[in-house]
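Working notes, beginning with the structure itself.
The letters A, B, C, D, E and F name the chains in turn, as written, and every chain counts its residues from 1.
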Amino acid sequence: MNQPYDMPLSELENYLPPLTREKDFSKFWESSLEELNSIPLEYSLDPVDYPAKGIKMYKLSFKGFNNSNISGWFAIPESQGPHPGILHFHGYNWAFDGRHHDVANYALRGYAVLFMFCRGQQGESIDNVVSPHGHSIGWMSKGLLSPEKYYYRAVYMDAVRAVNILASIEGVNKDKIAVVGESQGGGLALATAALSQIPILSVTEYPFLSHFNRAIDICPEGPYGELNEFLRRNSDPQIEIDAKRTLSYFDVMNHAPDIKCHCLTSIGLVDQITPPSTVFAAFNHLKCTKEVSIFRYFGHEYIPGFVDKKLRTLMEFLQA
Amino acid sequence: MNQPYDMPLSELENYLPPLTREKDFSKFWESSLEELNSIPLEYSLDPVDYPAKGIKMYKLSFKGFNNSNISGWFAIPESQGPHPGILHFHGYNWAFDGRHHDVANYALRGYAVLFMFCRGQQGESIDNVVSPHGHSIGWMSKGLLSPEKYYYRAVYMDAVRAVNILASIEGVNKDKIAVVGESQGGGLALATAALSQIPILSVTEYPFLSHFNRAIDICPEGPYGELNEFLRRNSDPQIEIDAKRTLSYFDVMNHAPDIKCHCLTSIGLVDQITPPSTVFAAFNHLKCTKEVSIFRYFGHEYIPGFVDKKLRTLMEFLQA
Amino acid sequence: MNQPYDMPLSELENYLPPLTREKDFSKFWESSLEELNSIPLEYSLDPVDYPAKGIKMYKLSFKGFNNSNISGWFAIPESQGPHPGILHFHGYNWAFDGRHHDVANYALRGYAVLFMFCRGQQGESIDNVVSPHGHSIGWMSKGLLSPEKYYYRAVYMDAVRAVNILASIEGVNKDKIAVVGESQGGGLALATAALSQIPILSVTEYPFLSHFNRAIDICPEGPYGELNEFLRRNSDPQIEIDAKRTLSYFDVMNHAPDIKCHCLTSIGLVDQITPPSTVFAAFNHLKCTKEVSIFRYFGHEYIPGFVDKKLRTLMEFLQA
Amino acid sequence: MNQPYDMPLSELENYLPPLTREKDFSKFWESSLEELNSIPLEYSLDPVDYPAKGIKMYKLSFKGFNNSNISGWFAIPESQGPHPGILHFHGYNWAFDGRHHDVANYALRGYAVLFMFCRGQQGESIDNVVSPHGHSIGWMSKGLLSPEKYYYRAVYMDAVRAVNILASIEGVNKDKIAVVGESQGGGLALATAALSQIPILSVTEYPFLSHFNRAIDICPEGPYGELNEFLRRNSDPQIEIDAKRTLSYFDVMNHAPDIKCHCLTSIGLVDQITPPSTVFAAFNHLKCTKEVSIFRYFGHEYIPGFVDKKLRTLMEFLQA
Amino acid sequence: MNQPYDMPLSELENYLPPLTREKDFSKFWESSLEELNSIPLEYSLDPVDYPAKGIKMYKLSFKGFNNSNISGWFAIPESQGPHPGILHFHGYNWAFDGRHHDVANYALRGYAVLFMFCRGQQGESIDNVVSPHGHSIGWMSKGLLSPEKYYYRAVYMDAVRAVNILASIEGVNKDKIAVVGESQGGGLALATAALSQIPILSVTEYPFLSHFNRAIDICPEGPYGELNEFLRRNSDPQIEIDAKRTLSYFDVMNHAPDIKCHCLTSIGLVDQITPPSTVFAAFNHLKCTKEVSIFRYFGHEYIPGFVDKKLRTLMEFLQA
Amino acid sequence: MNQPYDMPLSELENYLPPLTREKDFSKFWESSLEELNSIPLEYSLDPVDYPAKGIKMYKLSFKGFNNSNISGWFAIPESQGPHPGILHFHGYNWAFDGRHHDVANYALRGYAVLFMFCRGQQGESIDNVVSPHGHSIGWMSKGLLSPEKYYYRAVYMDAVRAVNILASIEGVNKDKIAVVGESQGGGLALATAALSQIPILSVTEYPFLSHFNRAIDICPEGPYGELNEFLRRNSDPQIEIDAKRTLSYFDVMNHAPDIKCHCLTSIGLVDQITPPSTVFAAFNHLKCTKEVSIFRYFGHEYIPGFVDKKLRTLMEFLQA
């Protein structure tokens, strides 16, 4: 008989594991941002014939990190702007055709929406990260042995670039931009909020990419489990040390203290993919204004009870 | 090694099992409709503070079959009408709070939308059907031994009443009404299209409640399996005869020839809940204009590739 | 590596969570019993041709709560009475044709046996409870938001009526009546023992319907899980408060202190449907004479090692 | 989408695979019976204090094949005999303490009942078969490479001895003896009916040990699968030839034509442990009077709808 | 009840689906080989302290397709050569540290062994293929929309390069080289045998990468299922056409007629990862001398009964 | 959310449950060894045509406990000896044809290797233990109610005899003998090291047969679970007492203090078949020189990272 929690709620609310930032954490990201900034801000918007009135839909391509092409969707109300903006990131391995319908739903609510396909995961988002070593299946351990080579370095920088682009598109109110996402998308939204000054709000659902050390310990299944698999295949203890060092740079928990915008997050208490302790680890390190919506009976899944809160918060910050 | 089909596509396209209508099939439904018509058309709309601009959202209550209260959502654009209408039915055992966000998504696209909670399955939709016998868990075998007492008789009549109500709400264009739904909702949409002259279009996704005889044979799991369970618990052969006779009145395949409006349906070829043969059984008996979208790699699940077709068809018939 | 317990045995034996009775707990049941008593005690016994000598088998129908028809089996030795009586309740969703063979087995042992089909779950036991709201699949959340409307209010009253009827049948020794049951049947037996003065013994196997608050916490699967599902579908926190308040009236743990007859119960230490802590919660609140048989290696299943103890206890109290 | 049958019912009813008897099939069994007959018929009955009135319960020990001790239960009504007799065999790996309660249930119905524990599977039934080779886990492949050494040779002879003993116990009507059993017990009952003239009736439920060649082909799981496992572990093709030759002597299908008493059998059409084709293979080879009860919705499990038929048939043949 | 085959053996043995070669199939591979040949043959061997006497073990690095670094193991007997050579490819996603122990086992048998890590899958084998589009998780759909960009183009060329290198290492008898592998490794061995004149023998176990069209149809799970997943995520019918066209160039079935060396393959008849029909499709198209070892009771797993045959065949062709 | 450990590593390293030796533990084994010694040391070696150069392979038969025939493999380098010896025991229910290839791999590394098939589990190893009672499926509970009759008494003595034979074969260096094995084989290796003075080294991987009392508590699945199943089927508390008393004689933990040779063992921290606490229980009771290799991410499976350590340790102790 096992209680399907990782910790009781009272412990979760006070769970504050020490940060695992390396000394050069900030430097690493500064130089990454510099590298990003050296790439010219370029994008194209190709109109798409979308079956709804009142909005315009585009296929978006932009130049991401390493000069790679990153694709996605952009939609904006036909009405006179400027319109507040939403940058939406999808979950890990959870991108398929048809995601523009979600984009349309936001646009119909009055937002200019940019939806980015994570490199390699769908669309024409090209992953030109070349890992200097083999890895376990998936993207989680691609380039894992070095922060500079890790897959997510490029993804985080693509995300920062995406928010820059959103802010620069005509008709978008660059002072009213939110970052949103579920799971991996939640992790990317938080990372973007830490690495960019543009977002004034993040709304994240059961964010991934947080508190890796505990996740490796308690989540042998799911995306975090790709890390376990990598450590199974490479049993030299130095590999584990190097891998965890790399992960520390990308751990959303370590980014949390740098976030300045308002943060709303949801978490289900029986989530076994991004267990609540990993989410609270990040949340409790936030120093900004923040709010968490806790769902006792939900796991890593669509939580209908959160939608109202999410929409209201977006309206409050972006449409008020 | 089993191929995950029930039949190859070429057989499906020509699959035309004989109808199983009892002689008094039409009479049964005529008298049911008469009974429905004897109930006054009453409903109330309570405004709800919904977090989106441009639409109005209401909690809907109406008087359904047996004078029962049926609840649901209604949303309509704030702009000047009349607006085309969509009546949306949900899947079996697939109703929860938060469904009004789907309603809002349609309303934002310019439709007046009525979403009905099936009696007993959620909300304040009260199921006052009293089965004269015990049944297996769920609603599928409630009252199964007699067409007059069967749960779905009330549901089908609630559905017809719902389309009447939608057509009568101010601001709704009663000549531009579609019925839509997934799974159980697809079955209800088709039944409504057969039993009411109001709909000019049905858009159904992997409709349920079709070709029960085969479904019982090949679907021991899933909602159809509740029927198997009932027959396991009641092994008198007469029970099976009576049950199948009852089901014949509700079998969407038997209703298909009565449908006059245009029908679009989707089906995944690896659907194990509403296997393609059960869907084609109904589809191939349709005598109206019709179209089917086939998805080779999809089962009983959200099919992103169908959304565009669905939205375009709705626009074509309702917003052209 | 998880130990398949909810608590070690030493903790179980001392586990005494506080009762959760509302102030009007007793009043609620008094008025329910009054309502029951206003219904005339009516029943019919239809002889059945049963393939065994020495006993008579009948289909039983009686008037239950809300004037509903409740059905079951009754068997009695052909020999001269009066015979001690056993009232037998079945498990949740565990009723099918053929249960009269179990009834015969008791009758052949010298008992007059009444086996009641829980309303709606099988036979001609008609469930005329109409829930004022939708619920999750099954009976557990039917009418859950109000004690007066809850499904089990009617079932508990049907059970009390059943023991009244058993005591009144000719040939039955009304001073020698036991209530027995497994799982849901165990919960009903305990409730009946609390709400009626007739039983002089209860023999319950892994009783259900006990210590709901903990069950919701640790049993996301199984019948208790229907409650979790209801709370998932209705995420308003007030719903959870109301539901738990309703359940408090039906919690066998809360009824335990009112039981005056001897109680024998069994429990398997790896039971995941009615975890041992929920059973001990009720058992430890019993103030009557009592005995528990603990089976270290058994879950929620037929426990052959308990049968001898059960039969001996029945003989001791009813046939001595 | 797979239909959960092995063959449609119409094919099953006519399924008559050729027998696979070796030339010396009859000789093999004659000499086995001779060997059995050389062992003196010895048994002891130790009274047990059983908690029911009207019957006497005994622990039985008898001398089986190879002079091994075989144990079981024996119960008989206390009333004046002679009483008709039932010899009951249990399922494969399905024997545990508490089986005497089933025995009591028959005795209370007026039968003298002998329940035999298969050697090695429970109680003090000693399996002194020593396999001349290793085997896969379980008893199915013990001694499989030679008919003389195969585990079931001893079991079949124990069964024949058991029926001899039942016929010889005082108070038992040796002209009114039935053999009954489920699964392995059904196979043993049929084998006993073929190898002994004593039984006047067999009642078998989904009998095992039939049509091994097909079973190996279509049942990789379940007890037949132990044979597959043996063939996996011993890949020399000669091993498969020898194993199948051995099995032919024990195949109930091959024994069927020798049965002279009336045979009643049940089978569920979705049985995956003893698939219907294997049962019909034996049934269709029976030349005696026979009857089969088919349960469309049942697998290898308790079938409540068969109990009435079983009890009536026993009464008709034994108590009329 | 499903028979765990895709086809009966008699059908398999004659299963000869038409080749699906595009017109420029040969040209495509000629130009690919030209591109490979333009890369200088470079490799390094770093001695490793391996705990066994009589052999020398090295870490191997060589320059593969696209100038990428490919790593692996090389071992050779210390005794005077030249030694016959074995090129060993591993299964899909089945590479981890410790594989050099398998290499050592061959070397101890007198072979010079080269074990190649497929690019990206382990070690320092760098996958510098950059897919021009996103793909489903894994490598199977990386670059799938164009033969030039497909992941396996680089892998096949790496394999050809590996056999060139093995043939050029001092102490290796370049006229006695075999290619071996299991699953993906079997597919690569066959492809290498088709694309290079060096191998005089291939020994493949349940080879993968064969008869993709059928595999997509019948293998929704396993590595082939990554292709299904890609087609689920990209529902444009043109995508499926393009993907299948790409796969045709890599389909081992299409390469089979080009193989000139002797081919030994094994297949289990209950293999659900590389179903026997896909293996026989390639095998039956071979025009060289060939032999297949069929294992009735084995799936996609280590088949102990094949090892002897494998070792003998290697000795016969390489050490005779 | 459950952490897949039984205890944290820090607890494991200090876990020292009290021994459960009965007073006559040593006497029991002394008299067992005497009984073994009364059997003449007899064996035969039949040459086998094995497809590798440099070694000779034999089928071995020897006279084991109870004069039973025990079979296995023996291989030895063709080169001049004497060669150090390895006695290899296989896992529980994990023996099949083809195991001589593992034997060959050791012989090619310079060892004389004896691989013993556990009686009854494969080959011609005849299990002539006759249990005086029925048991649950498998060997774990065969004869469990008495140390003298327990299956493993014969197996332990067979193992001791095997090491005697290995030491006596010509060409084997009897002063350089190691015992090795995985799971059951690890348990047997440790027992042999305790009961014989011959081994100078044991190398065991996740040894089984250790700390039975805890294993019964926490391992309801896997081989230990056969003990649970036996206790389920025999619920008399005295049975559990007797069974645990028997097991105490065979518990490798209880043998640990008697081992004098060097011991190397491996354990995976997520092993659910032989949980780490059961392995550490034995390891921490060793008084000899010892070493443990801990694998955080591995369960009960092949651990590639341990092979190097194993081979080096064997070389160090046997080939230095």
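The rule is short, and it goes like this: contacts are C-beta pairs under 8 Å (C-beta built on N, C-alpha and C of every residue); 3 or more make two chains touch, one makes a residue touch a chain.
Protein names from UniProt, one per chain: A, B, C, D, E, F = Cephalosporin-C deacetylase.
Please read these numbers as outputs of a predicted model, since none were measured by experiment.
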{"item": "Comparison of A-F and A-E (more C-beta pairs in contact)", "value": "A-E"}
{"item": "Intercentroid distance (Cα basis), chain E (Cephalosporin-C deacetylase) paired with chain B (Cephalosporin-C deacetylase), Å", "value": "51"}
{"item": "Rounded Å distance, chain B (Cephalosporin-C deacetylase) centre to chain C (Cephalosporin-C deacetylase) centre (Cα mean)", "value": "38"}
{"item": "Approximate Å spacing (C-alpha centroids) for the pair chain B (Cephalosporin-C deacetylase), chain F (Cephalosporin-C deacetylase)", "value": "64"}
{"item": "Multi-chain contact sites of chain B (Cephalosporin-C deacetylase), meaning residues that touch two or more partners", "value": "2, 4, 96-98, 232, 235, 270, 304-305"}
{"item": "Arrangement of touching chains [line / ring / star / complete / other]", "value": "other"}
{"item": "Set of all touching chain pairs, with the criterion as stated earlier", "value": "A-B, A-C, A-E, A-F, B-C, B-D, B-E, C-D, C-F, D-E, D-F, E-F"}
{"item": "Residues of chain A (Cephalosporin-C deacetylase) that touch chain C (Cephalosporin-C deacetylase) when the two form their complex", "value": "1-4, 270, 295-298, 303-305"}
{"item": "Residue numbers on chain A (Cephalosporin-C deacetylase) that touch chain F (Cephalosporin-C deacetylase), as the complex places them", "value": "2, 4-6, 217-218, 220, 228, 231-232, 235, 270, 272, 275"}
{"item": "Complex interface listing, chain A (Cephalosporin-C deacetylase) residues touching chain E (Cephalosporin-C deacetylase)", "value": "93, 95-98, 117-128, 130-139, 232-236"}
{"item": "Contacting residues of chain E (Cephalosporin-C deacetylase) [partner chain F (Cephalosporin-C deacetylase), same complex]", "value": "51-54, 96-99, 101, 105, 108-110, 304-305, 307-308, 311-312, 314-315, 319"}
